[in-house]
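Down below are the structures I want you to see.
Two complexes, one shared chain (subunit A), two partners (subunit B, subunit C).
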Partner chain A sequence: MLLRHTSKEVKEREGLTINPAKTCQPIGAMYAALGIHGCLPHSHGSQGCCSYHRSTLTRHYKEPVMAATSSFTEGASVFGGQANLLAAIDTIFAVYEPDIIAVHSTCLSETIGDDLQQITRKARDDGKIPEGKHVIFASTPSFIGSHVTGYANMLTGIAEQFAVSTSAKKNQINIIAGWMEPSDMREIKLLSKKLGIKIVLFPDTSDVLDAPQSGKHVFYPKGGTTVSELQSTGDSLFSIALGAISAEPAAIALEKKCKVGFETLDIPIGLTATDRFIMKMSEVANVSVPDEITEERGRLVDVMADMEQYLYGKRVALFGDPDQLLPLTEFLLDLNMKPVHIVSGTPGQRFEKQMRQLLDERSPETNFRNGLQADMFLLHQWMKNDPVDLLIGNTYGKYMARDEDVPFIRFGFPILDRIGHSYFPNVGYSGSLRLVEKILSAIMDRQDRDALEEKFELVM
Partner chain B sequence: MEANKIYPDPLQVREELIQRYPSKVAKKRAKSIIVNDPEIIPEVQANVRTVPGIITQRGCSYAGCKGVVLGPTRDIVNIVHGPIGCSFYAWLTRRNQTRTESLMDANYIPYCFSTDMQEENVVFGGEKKLKIAIQEAYDLFHPKSIAIFSTCPVGLIGDDVHAASKEMREKFGDCNVFGFSCEGYRGVSQSAGHHIANNGVFKHMVGRNNTPSVGKFKLNLLGEYNIGGDAFEIERIFDKVGITLVSSFSGNSTVSQIENAHTADLNVILCHRSINYMGDMMETKYGIPWMKVNFVGADSTVKSLRKIAEYFGDEELKAKVEELIAEEMPRVKAIIEEILPRTTGKTAMLFVGGSRAHHYQDLFSELGMTTVAAGYEFAHRDDYEGRDVLPKIKVDADSKNIEELKVLPDPELYNPRKTEAELEALKEKGLEINGYSGMMKQMTKKSLVVDDLSHYESEKLIEIYKPDIFCAGIKEKYVVQKMGIPLKQLHSYDYGGPYTGFEGAVNFYKDIDRMVNNPVWKLIKAPWQKAGATNGKSKGLEASYVTQ
Partner chain C sequence: MEKITILEGRQKQIFEKKSGVEQLDISCDTSSLSGSVSQRACVFCGSRVVLYPVADALHLVHGPIGCAAYTWDIRGAVSSGPELHRLSFSTDLQEMDVIYGGEKKLYHSLIELIEQYKPKAAFIYSTCIVGLIGDDIEAVCRKVAKETGIPVLPVHSEGFKGTKKDGYKAACHALMQLIGTGSTENISKYSINILGEFNLAGEAWIIRKYYEKMGIEVVSTLTGDGRIDAVRRAHGASLNVVQCSGSMTWLAKEMEQKYGIPYIRVSYFGIEDMSKSLYDVAKHFPKRTDIMEAAKQVVSEEVKELYPSLQKFKKALTGKKAAIYVGGAFKTFSLIKALRSIGMSVVLAGSQTGNKDDYARLKEMCDEGTVIVDDSNPVELSKFILEKKADLLIGGVKERPIAFKLGIGFCDHNHERKIPLAGFVGMYNFALEVYQSVMSPVWQFAPRKGVKI
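And now, the complex of A and B:
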């Protein structure tokens, strides 16, 4: 037993988090900034945070993840980090030549009260930012929210600091990507293309964190939303924010600054969420949905109908981030499965309300908790009290899955022990089809493994 | 070295590495990029601040304290006091394996504990929440020990983790609670955290259990963290020759072993950087000498075992050691001889940690490979130049604020295991007693030594030297591989190992053979990208199949 100290009896905790189902803001900010072309994320704090964030993203993607740090020592921590950040900006432009430096704070610089806006303004006034280059920033204190909040904060910073509205509207739609994989972003672009809609997707980590082996290390890979695309978002017709927690704040910022209207949708994971996405897209761009997409959808529904017996009533425990959990839960319900336990470390009433509403309508007895102490330890205890047939979550779930002997699907962040998430999407109809395939394989492999010899089936 | 013939003048290489830097940065970096001469051993600037903005390999003091030194002991509940991230990232990522004797034994390594500090804790202080967390951990698990680790905000807001620990320790009575002020901004790298960890373990753990350990040849293994099962292999070897391992700092260890460590008669040190303080302090307080050894590499293992036997000066032990060598080495030899033709003459670069960039050179030389450049991520000058340099090291502001424990001989327990004369005689025989001669003495003339290598420098080095393999960590792994050069991770071993002892040497030989000779490196270019390829623009036969 790997988690041998996890008891069945649930006791309320107030101080101790055990096996968190979240991590800290800056890693989200770093990930978002990597989706901007020619951008070097910069961690304003001590070296450790930057090292940890780079390592975790690297393990998740098996790709280079470049980011710099202000390398605070004790002096900077006491007297403020301005000198460190200014020196860093000099060094970075000289050595790594990015188009953009995207600075995010850390707990340390937040605690000492460094003002990133003031420091970056000083950098500009002191002539440290070369012509045509940019330094943007986002405040990302980890004692608030989670990695998802950090992602949202950096995206908001990007929108605020780049978008401009000229008088000329552009015939394009902004899609603000909530936290999703490069593969998902690629799929969103593909769907938009099939719909014949010109979009600006930001951020866009495809062709950044899934870069090909070419014998060269391309420091700034070809992907990422460009500065001119970002600037043009202020002239777009409309914004669609995919994800209430991770994407909507940027849409709000864009509306405030450039009066671009927006609507927030779920990340299109699963059939109904994708339906809503396609409907909204066709509505705002005033295009009809091509047969190609209708047929894609049909293939997904076909599988759902043909394989329903294996899915029906299967009990699922899941943990992860709000913007994924919500459509995923909805999809599981559409598959006639039973989400039994749901946990997210990311706090927030908005998510809590939305999830409650969904569950109240369709699965009122589901255990659900988010925020402080909504951790994997609690989830595991719930699983011990009320066993499940399937566990869905990030790599850390494998310890619970092994102890409880439950089939396990890796979904979310981080996935440290498998590949695939960066190459094959979970969004759209085809992504959802892949998800169903994974769920079926996990369940049916288990049925095969456990079947009595006389009950072992050839055809399923 | 052979490499001289093909490579440019190393002084020129240095120029190239620093030419892009702003002049102040270049001046600073130049002092950390040194052309080696094993005869005179030039000075290397080490353990100094990384220039802000430089993409560095380094992490923080908390990582060195909690992640490296304390992490591998399985039955301590390690609570990280701070916002969630610090604890999350250090959760199981270092691959410290551990093996309990039964399912009843405590093992908290798969768990992650944090106070998950919130804004109000930063504003109004987090001590109250910390104490609640300690209480909850105690109530849930009843562990022998609870350790508290401070992350950056904690020091700044003035939470006193030591006072909170003391209060709870006294309250519980049967649980040793102690804290570490290992905020990430202390020192300049993980190294500060090692020192802080050594101090805390020495103060709060070592010496708590005076039950004499049993065995004829009793030692502690210091600076071994059981990554990939390294400690298991060393334990196997010790077992076979009849050496008693009293405790390990800290791979595969338990609290009670460490509390009993002072009853051993020798400390052998693997990773000098992370644990030398412990060796020194135990020597002063209890009279246990320490000796530098290396179990990375088959020949190094043989040498180290002989040195240990020499230290104990026992003929029976010496005979057992020789017996084991005779038993193990033929298999190792057979394998390396088969591999050697495929690895001989190849080159390696090692930039990692505080000892491995040195130790793994032994394995590469067993593979017939030359180390053309090497350096540490967080070492000090003594790890490069040898401990003789210690009196000459200037203590700067960043190191000054890390406590130096004042240790005195224990009035009751101090018992010098060897007389001065005996120790001198052993040193004469080549045993590195209370000493370490560092990396550079072993490296060839004109090889390059670079401390705290930056990303930019690593790319330049690869361009210039085109090594056959590069050794570093996860952050460098895929960068280097994108350049078409295999990278061996020497923190996590690429999820392989063990690499210690005889079994480990064989594993490493095979892994390196596989990596440097993997056909994938020749598949990078598509056929149409290769010289002379036509990429569809050809005339001739193919064209006639094109329909449009």
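And now, the complex of A and C:
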């Protein structure tokens, strides 16, 4: 057994994290910035950070991921990284010709006290930013929060630094995407189109990280929210933030700067979360829900009814990021399944409260922990003490699934060993239907595998 | 085709071999230009990849969570026993730790881990901010070593303190603390250490078997399928055999100085270099002619089986062109020879960490018109691949999707190789992988090399 070193007895640990259910801020900032058209993410720190983030994103998407680095040396760490960043801005505009450079900090540049606002202002004052080009920034210290925090911080930077309010309101709604896959973003756009609502979705990594084979290496693929779209968000009627942790801070920034009202919803994973999304959309845009969407919903409910006997009471362990875990847990409960253990490395009381509230109402005995020491080691220990029928989480769950011989569904970030997440959504009614299919396949394949000969069923 | 600018300040790291141009004054061993989309990693990465395969040691990353998360079991360094190295341990430093220091957390984490797992030794990696907040890692390590009775070794791998190569050196430095602490009793005079072989996909086992067939005792493998006890007695070997020169030459030199153990540089890729690496070891023991005889025997047996099986690939691949961009330059030499043996020529050769001598030798080996690059980036790689009409790119994780987008084949010669590419059997696997990818039917359906179908 690979994780033979995992003990059953759960002991409080002092400071130590084993097999983290999170990673650090900058990768989230890099991912968010890739959802802006013509944007080159820039890592202000050592070379390794940038390389690790690019490698991880490349493994997750099987796509080229472009980002630059300030390449800190010992000198920069003593005298500050301003000279490195200014030089980097020159180099990047001269050679890689992006429309935007999105700078994020690292633990190194934060600790030495580099002020990105001041440095980017200096770059502007010194004429290093060509006409019509932009340098934006976000502070993303790796020793605070998690990758989700970094995503939220970059998104906030994007909203703050691009949105402009003119006197003319635009008949459009902003949808601020919490951390989701390109496929999910594509689905959100499709649903909005079916509803007949004009939206500005940001960020938007579809057509960036799911680009077609073209015979060329395109440095800036055709997708991503454009600068003019981002600027126009200040004139939109309303914002919907999908995800309290990863998207809401950007909505708050937009409200503060441009007085665009907002509401925060869960990422529409599962039936009820999608219901809330569709209802809110139809309400704020004052449109009725077309039959096409109602029928999509009907098909999902139909499958849930058809297969309820296979879902009832199935015990699930799940781990991942707050904005996905919350609607996913709700969906599992709607499917009459039993979330038994839930872990997220991302700290924060807001999420803790939300999840507690959901569980108190519908599944008070569920084990749940987030933040420090809420890692996969703890989850595995819980699973040993209280076994489950299904594990849902990112690729790193495969060790636990193998050791405990539990069916496993890959969900979340990163997924390093399967494809599909970039192409098939988990959001909306059709995405939820796909989730149900995956859950059923995992459970029923296991039932078939383990069935006694006399109980092996043809029709299920 | 459209012209792509070469990064200003990078001209000195690119060279095209042309007749008449005699001087090769490639600039290397430098840190990357600020603002470049470099394919390189950091000091920490260098240390982590070198030490990671030591399977019965504890590897604790002292820093914010990312450094541990990104290096969690990413390298397929296979162990025949313990799997402790495949877990991810981190002190997960928080803001308060950055302000007040992380020594306490490090101490507690170490004690907890050592009590629970009883490892043979512990490696503590410092990351960027540990270097800044001034934690006295040495002191914590000394204290824990004293209390627990196992070696607790600091690895000074702060990311910004140089390049990946400096990380190799920091790792070797930690290994040097272990070497010489074990008993050398019963070690044969005809013995070696295998250095710079990390047992990706089980490669070290293949190499070890060849040497054992020759009657050579392998005292330790550094660090593939590594064990602390074996490392401790490495100074009892008569010869160090160094592969992946970038990572381990420093260690070999140190051992030569301290223990008088000579070293040779070898490569296990391709028939020619693989055979040579056996002969060179045999030559080191001239009195034992039976060792050379055995080496010849191994080579002839293996080649007899391998050679005919390569012909199918050679027939299909003859005239195809390859681009190579890998971590160490030494590997490039072998790859050029290995590719030639299956009929392919090399039009681009480069590395992340080569030195002047490496590049001089590379120039010698390359054909007219071959482009040589140091610390390249995706723009350059794409440009040269298209200009030189390569059919294959050999590289690592970040280069793979670029090759596929361009519509050419790819072979991972880095961490993510899934099958052994070393040894004679590795040459077969390599040829097969190249063949599979270059000749894949998928390219019929794809626009290739910038040209629409």
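Observations on the model:
One rule holds for everything that comes next: the second predicted complex is superposed on the first by the 460 of 460 C-alpha atoms of A that agree within 3 Å, B and C clash if a C-alpha of one lies under 4 Å from a C-alpha of the other, contacts with A are read in each partner's own complex, and residues count from 1 in each chain.
FYI, contacts are C-beta pairs under 8 Å (C-beta built on N, C-alpha and C of every residue); 3 or more make two chains touch, one makes a residue touch a chain.
The shown structure was predicted, so the numbers you read here are calculated from the model rather than taken from an experiment.
Once the complexes are laid over each other on subunit A, subunit B and subunit C cannot both fit and instead clash.
Contacts of A:217 after superposition: both subunit B and subunit C are touched.
Common to the subunit B and subunit C interfaces on subunit A are residues 2-5, 7, 13-20, 22-27, 42, 45-49, 51-56, 58-59, 62-74, 76-77, 84-85, 87-92, 94-96, 106-108, 111-112, 141-144, 146, 211, 213-218, 345, 372, 377, 396, 399.
Contact residues of subunit A toward subunit B in the complex are 1-5, 7, 11, 13-20, 22-27, 42, 45-49, 51-56, 58-59, 62-77, 84-85, 87-92, 94-96, 106-108, 110-112, 141-144, 146-147, 211, 213-218, 345, 372-373, 377, 396, 399, 416.
On the subunit C side of its complex with subunit A, the touching residues are 5, 7-9, 31-45, 63-72, 74, 83-84, 86-95, 97-98, 104-105, 108-109, 112-113, 116-117, 127-129, 131-133, 159-163, 378-379, 382, 397-398, 400-402, 404-407, 446-452.
Residues 20-22, 25, 49-63, 79, 82-93, 103, 106-108, 110-119, 121-122, 129-137, 139-141, 151-153, 155-157, 183-189, 397-398, 401, 455-456, 459, 473-475, 477-484, 524-525 of subunit B are the ones touching subunit A in the complex. For subunit A in complex with subunit C, the residues that touch the partner chain are 2-5, 7, 13-20, 22-27, 40, 42, 45-56, 58-59, 61-74, 76-77, 84-85, 87-92, 94-96, 106-108, 111-112, 141-144, 146, 211, 213-219, 345, 372, 377, 396, 399.
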